[in-house]
Amino acid sequence: MTELLSVVVDAVIYSSWLFIIALGLTLIYGVMKILNMAHGSFYALGAYAAASLVGYWLGHGYPPLASYGMLVLAAILVGLITGPLVERGLLRFMYGKDEIILLLVTYALFLILEDSIKIIWGVNPYFISEPYGLLGVWDVAGLSYPFYNIILIAVSVLAGVGVAVVLQYTRPGKLLLAVIHDREVSMAMGINVNRFYMVTFTVGTMLAAIGGALTAPTVSVVPGMGVGVIVLAFAVVVIGGLGSLQGAALGALIVGLVRSAAVHYLPQVELFSIYVVMALVLIFRPKGLFAAAEVRKI
Amino acid sequence: MAILEARALCRRFGAVTAASNISIAIEPDTVVGLIGTNGAGKTTFVNMVTGYLKPDSGRVLFKERDITSLPPRDITKLGICRSFQIPQLYDSLTVFENLVVALGIVQRNTEGSIFSRTFKLVPASNAALVYAAETMLERFGLIEYREKEAAVLPEGVRKLLDIAVALAVRPEVLILDEPTSGVSSDEKFTVMETVMKAVRANGVTVIFVEHDMEVVSRYSQRVVAFYEGRILADGSPADVLANSDVCKFVIGGPRTAHMTPATEGRNA
Amino acid sequence: MIGKGYTVHVLVVALVVLLVAGPFMHKWLFMLTMSMGKGLVVLGLIVLLRTGLVSFGQGLYYCVGAYTVGSLGQFLGWKNALVLLVGGTAAAAVLATILGFLLANYRSIFFAMLSLAFSMILFGLLVKTSALGSTDGFNVPAPTLFGKAISGAGHQYPLFALGCVVAFIAALLTNAYLRTALGRLSPAIRDNEIRVEYMGASVRNAIHTKYVIAGALAGLGGALTAMTIGHIDPEMAYWTTSGEFVFVAILGGTGSVIAPFLGAIIFEIIRTYAYQYSPNTWQMVLGSAMLLVIIFLPAGLWSAFAYRSRRG
Amino acid sequence: MKKLSCGPKTFAIAVSIFPMLLLAMHAGAGAQEKPLKIGVVTFLSGAAAGPFGVPAKQAGEVVVEALNAGGKVPGYGSKGMGGSSIELVFVDEAGGTTKQVTEYRNLIERVDLVIGYISSGDCLAVAPAAEEMRKLTILFDCGTPRVFEDATYKYVFRTGATSTMDNVAAALYISETNPNVKKIAGINQNYAWGQDSWSDFLAAMKVLKPGIEVATVQWPQLLSGQYGAEISALLSSGADVVHSSFWGGDMEAFVLQASPRGLFKKSTVVLTCGETGMYKLGSQVPDGTVIGARGPFDMFAPDTELNRWFRKAYQDKYGVPPTYPSYKMAQALLGLKSAYDKARSSNGNKAPGQDQVIAAFERISFEAPGGKVQMALGKGHQAVQGMVFGTVKHNGNQVTYVDVKTYPPDKVTPPEGVKAEDWIKSGFKSGK
C-alpha cells in the first residue's frame, strides 16, 4: 500500500516535470505544425542559463530564497531571446514547407545549438543544488521527498492552467484557437498569423527553458542533457494527441505512472516501457488520445 | 434492366436527414440529371452509390449485384466512376501524369499476365499508356496544359481534368458531381459539350448533379429532383422542370452555387 | 516523375567508374563502402518519402539486417557474403511485412512516431540481451566470397566492389519499380488518397508494399554495413540512427534513385572533414550544411547535379 | 514558399557560414618537421566530455608538453619518444561505434599510432580494425574485459586495468568494512557498463557473503537524469549497501537527488566511479560513502615524485586537480614512451619501427603517476594494477578519505587465460 502511494507520488513528480516540456512542444505544433526537435536544446539552454544566474546570485551571497526567482528569470530570458531570434531569424522562411522539412530544420538547429552551448559554457558540469535542498523534505509513505518537488508540481499545474485559461478566456487566446483550428480561414479573417507564430514559439521556448531551469538544481548541468528529453516529450505529445493541451497532460501522467510503476515493480523494462506505451496507444488510438477528427470535403 | 439501382437508401447526419428512402433505377446509356437545392441530398446520394458513405439502411445494386458494402476502389473496378464537386487531383503532378496514373491503374487491373497484375509490374511509361493519355488530352482540349502542374490550373480546367481522369478509368457508369460549378457561365456549355462528346464516344451511362437548369434541360434525358433528402420528382426534363413543387422548392429555391462546397461539403 | 531515361545510364557509368577507380583510391574504399550501405537504407526511405511517408524507424530494419549477418556469422559460422546479404534482407523483409499490416494504416507524424517506437523497442530488447553483448554489441567475422575473405588486412576492394554491385542492382530494380503503375502511385497517394481509391487502387496495399521494399533495402544496407565495419551494436536501432537516414535522404533529394548514394557519400565526406578540422564543432557543421541545402537546394543535392528538373 | 526573398537568404548564409568559418580556422593547424604523430580519441562532446574526455585530453597535453621539453617528467628524462618529438591529433569519440570505426580508419591515415577510447563499445569495435590496418593502438580507459578475453591482438594494447577489479575490489571492501551486510541493492545505467559492473559485484558478493540478499536492482536509462522513483525504490528496499557504477553527470545527479532524501544515511552507497565528481561535489557527498577511482589514482595515488609532478603540472596548467581519466591518459603516454625508448635502445639508438615498439611494449612494466603498471594479461597487451577504495569523511569543509584499502592486482584481476566471470564464480582461484 505505502509502496503504491510512493509509486503515485513519484509518478506525479515525474509527470509534472515532463508536462512542462511537452506543453511547449504541443503548443508549438498545434499552432505552427512544427514538431520542434530543438526543444531539447531550449531545455538545456534554460538549465545552463539558470546555472549561471543562480551561481552568480549565490556567489555574491544574495539571499538564497530569491534563487527560485532567478530560476524563473533565467527561463524567461532564454525564452525572450532565443524564441524570437529562431522564429524570426530562421523558421519564418521555412513556413509552407513539408512538416518533415520543418522537422529537419529544427534538427539542424538542434545540432547547431548543442555546439553553441558547448562553446558558451564549456563541457564541465555546473551545480546549483542549493535551491533543491533549501526547503527541506516532507515525508510520504515513510519516504522523504524534498519540498522542491512541490514547487515543480505547482509550476507545472500553473503553466497548464495558465495556458488553458489564456486560450479559453482571452481574446488573443480565442484567436489563437482559431489559428490552431484553421489557419487559412483565420488568415482570411485578417488575423496576423505571423505575430501569433512568434508569440507562440516564444512561449513554447520559455516553457522548455522553465523545464530546464527547474531541473538544473537537481542534476549536474552537462552537455547533451537535452537529447534524451526530446524523444520523451515527443512520446508524451503523440500519446496525448499532437497539439492537444489536455492530451499533453494525460500523456505526461500516463508516461509518468508507467515509468514509476516499472521502476518499483519491474526495473528491467523501464528502458523501453515508454515506447511500448506509445506503440499501444497509437495502435488503439491511431492519432493519440485527444485527436481532433478532421472532415475531408470532396 | 437497370444498370444501377438504389433501393430505399436512408442516411442521417445527426439531426439532418440527408437521404430518406431514396429509390432510383437507372437504365443503361441514359443521361440522368440530379437537381435540388443545397443540402437536398444529391451529393450524399452520389457518395452512397460510390461507396464513400455507407447508407444507414437500403441497398445499392450494380447490374443486380449488391455493392452497398463495397469500398470505393472495388465499386470503381466494377465500372462506376465519379468526378467531384471539388476536383480531386494530384496537385504536384502534371496534367499528363494525372492521366497516366489513372490509365496505369486500369491497365494494371485489366491487362497483363497474372504475374504482372498481382505484382503490378506493368511499366507505366509504355507506348500504349502515353498514346491513351494523349488521346484523352486531345479529346478534352487539355493539350496546352500537358506539362502544367494540376495545382496551378484555372478552376474550369481543373474540372475538366477531374472528369477526364474519372473517364480514363473506363467506367460504364460515370457520375459527375456538379461538373459546371465554379466554371464561368460562358465556359459551362463548352465543358458539358466536351464531356458529352467523350462520353458518347465510349457509350457510358451518365448521372450528373447540376444546379444550372439550362444545362440540365439541354443534356439530360431524365431528371430527378431532390428536396430535403427525398425525391420530389422523377421523369423527363420537361415534366420535372414544369412540376409545381419543383418550381417552388428547387428552381425557385436559393441559387447559391458558390457556397455549395462549404455547405454540402459537410455531408461528404 | 522519376525514371527519366538517363537514370540507368548514369547508374552504369557510376558503377564502371567506381569499379575501375576503386583500386587507386584505397584511402576512400572503406568510406565509400559505408556510403553504399547507408545509401541502400536511404534508397528505401525515398520510396516512402515519395509516398509522403517519413519513417523514423528505418534503424529497426538496418539493425535487424546487421544482427542477422552478425548472428549467422558468429553462431552458425556462415561467412558467404551473398548468403549473408540475402539473409539480412530477408529477415528485415519478413519483419516489415508483419509490421506493415499495422503501419499501412498510419500517416504523417504518426507513421513516423510508431515506426520510431518499434525501433526503440528493438533497441531496448537488444540492450537487455547480454548474450548479444548488450550495448557493446559484438564483432562480425570477415565475410568470404567463393571461399576467399573479401575484407580485412589491406584488401577491402572485393567487399567494396560487392557493395557497389549490390547498390547498383538495388538502384536499378527500385528505379524500374518506381516506373510501374504502383510505383507511379507514390506521388498520387501523397497528393490525394481519395482519388487513388476512386481509380480502383488500394492505398493500403500500395503503402504496405512500399513499406516492405523500404524495410528490405534497409536490411540489405544493414547487412552490408555490418560486414564492412565488422562490429554491430544496438545503436543501429536507436532513433538518432534513423534520424540520420532521413537527414541523408533530404540532403540527397528524392528525385532520383541515384540521389541517396550521392547524399550518403557527401554526408560522409562532410562529416569526415568536420571531425578532422573541427573536432569540437562538427555537429554545428553538419547542422549548417543541412540548413544550406534546405534553403538553396530544396530538392536536395541531386537537383544541383541533375539538369534543372521541372520542379527543381 | 519555394523561393526565398534575398533578405532571408543572406541571413541564412550568415547563420550557416559562421560554423564553416570555425571549421576553416581549425583547418589552419598543420604540421612541421617530422614529429611522432599520435591520434588521441576521447569524448570532446556529449555527456562524457566533461568528466572523462577533456581531463584526459588535458593530461595528454600536459605530459606531451613536458616530454617534448625533456627532463621534466621524473623518471622519464629523455626528450620526446624514441628520440622524436610528439604531436597530438585530437578526435571526438562521440557518435557511436559505426562512426568511430569510420573515423578511426580516417585518423590512421594521418597519424603514426592511436591512443584513445573511453567507451567499451568503441574499444571492441576498433580493436579488430586496428589489427586489420596493422596500426599500433592503445586503449587507455575503456573497462570491458571482453577485449582480450574474446580475442588476442598484436597491434592493440590496453594500459588501463579492466572494470572487473573495480567491482571485485568493491565487494572485498564492503565485506571487510560491513562484515554483517545482509541486503544489497544496485542502481546502474541500463547499458553494458552498468550491467557488467553489477553482475561482477553481485557475483563477487555471493562468493564473499554466501546467502546475500538482493533488495532491488534499478536500471535507469543512460543520461536519464531523473532518479526520483529509483531513489524511492532504493529507500524502501531497506538495503544495507547500494552499489552504483554511475559516472559523470548521472552519478552527480544521483548524489544530488539521493542525499537530501537520506539514502546515504539509510545505506552505505558504493560509487565505483565517484572520484571524478568529488572536487566539485565533495560537500554534497555524505560521510560514509565508499568512493572508487578505477585504480590507484588521484587521492588514492601513491605519494611518488612522479605523481607530485603530475598533479602540480596539471593543476598549474588547468587550475583543477587531475582526475582518474587524466591519470589513465598519462599512464598510456608514459607506457608508450617506455616502450619506444626501450625499442630505441635495443635498436642501436635509431628510431624504432612499429614492430620493434610492439615487441618492446609486450609484458613491459613501467612507472606512472598511479604507481607501477604491468602489461601482464592478454599475452602482455593488457595492464594490471592494484585497486583502491576509501570512505568519505568530511573534515570541516574539506573532504578526506578513511579506511583506505589497497588491493594488489592478483587479488582483483583474473590470471592469464581465465574469463573474469568464471574467475569470480570460481571464488577468485589464483589459477596457479
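Letters A, B, C and D name the chains as they come in the text, with residue numbers starting at 1 for each one.
By our rule, contacts are C-beta pairs under 8 Å (C-beta built on N, C-alpha and C of every residue); 3 or more make two chains touch, one makes a residue touch a chain.
As the structure is a prediction and not an experimental result, all values here were calculated from the model.
Participant: Any idea which chain sits dead centre by C-alpha averages?
Facilitator: Central by C-alpha mean position: chain C.
Participant: Averaging each chain's C-alpha atoms to get its centre, pick out the one most distant from chain A.
Facilitator: B
Participant: Would you mind pulling out the distance in Å between where the CA atoms of chain B average out and where those of chain C do?
Facilitator: Computed from C-alpha means, the inter-chain centre distance equals 43 Å.
Participant: What is the distance in Å between the mean C-alpha positions of chain A and chain C?
Facilitator: Distance between chain centres, rounded to whole Å: 33 Å.
Participant: Where the centres are mean C-alpha positions, what is the separation of chain B from chain D, in Å?
Facilitator: 73
Participant: Hey, how far is the Cα centre of chain A from the one of chain D, in Å?
Facilitator: Centre-to-centre distance between chain A and chain D: 35 Å.
Participant: Specify, in ascending order, the residues of chain D that touch 2 or more different other chains.
Facilitator: If we look for residues of chain D contacting two or more partner chains, we find 4, 12, 15, 19, 44-45, 190.
Participant: Residues of chain C that contact two or more other chains, please.
Facilitator: Counting only residues that touch two or more other chains, chain C contributes 127-128, 194, 280-284, 287-288, 291, 295, 298.
Participant: If you look at chain A, which of its residues touch at least two other chains?
Facilitator: Answer for chain A, listing residues that touch two or more other chains: 90, 93-94, 97, 112, 114-115, 118, 268, 271, 296, 298.
Participant: Help me check something: in the complex, which residues belonging to chain D touch chain A?
Facilitator: Touching chain A: residues 1, 4, 8, 11-12, 15, 19, 44-47, 49-51, 53-54, 190, 216-221, 223-226, 228-230, 232-233, 235-236, 248-249, 252-253, 256-257, 260-262, 277, 280-281, 284 of chain D.
Participant: Tell me, which parts of chain C touch chain A in their complex?
Facilitator: It is residues 49, 54, 102, 105-106, 108-110, 112-114, 116-118, 120-121, 123-125, 127-128, 194, 239, 243, 246-247, 250, 280-284, 286-288, 290-291, 294-295, 298 of chain C that touch chain A.
Participant: Would you mind writing out the residues of chain A in touch with chain C in their complex?
Facilitator: 35, 90, 93-94, 97, 99-101, 103-105, 107-112, 114-116, 118-119, 231, 234-235, 238, 242, 268-269, 271-272, 275-276, 278-279, 282-283, 286-288, 296, 298
Participant: Of all residues in chain D, which touch chain C in the complex?
Facilitator: 2, 4, 9, 12-13, 15-20, 22-24, 26-27, 44-45, 90-92, 96-99, 101-103, 105-106, 109-110, 120-121, 124-125, 128-129, 131-134, 144, 146, 150-151, 190-193, 195, 199
Participant: Show which residues of chain C lie in contact with chain B when the two form their complex.
Facilitator: Those in contact with chain B are residues 1, 3, 176-177, 179-185, 187-188, 190-192, 194-195, 197-202, 209, 310-311.
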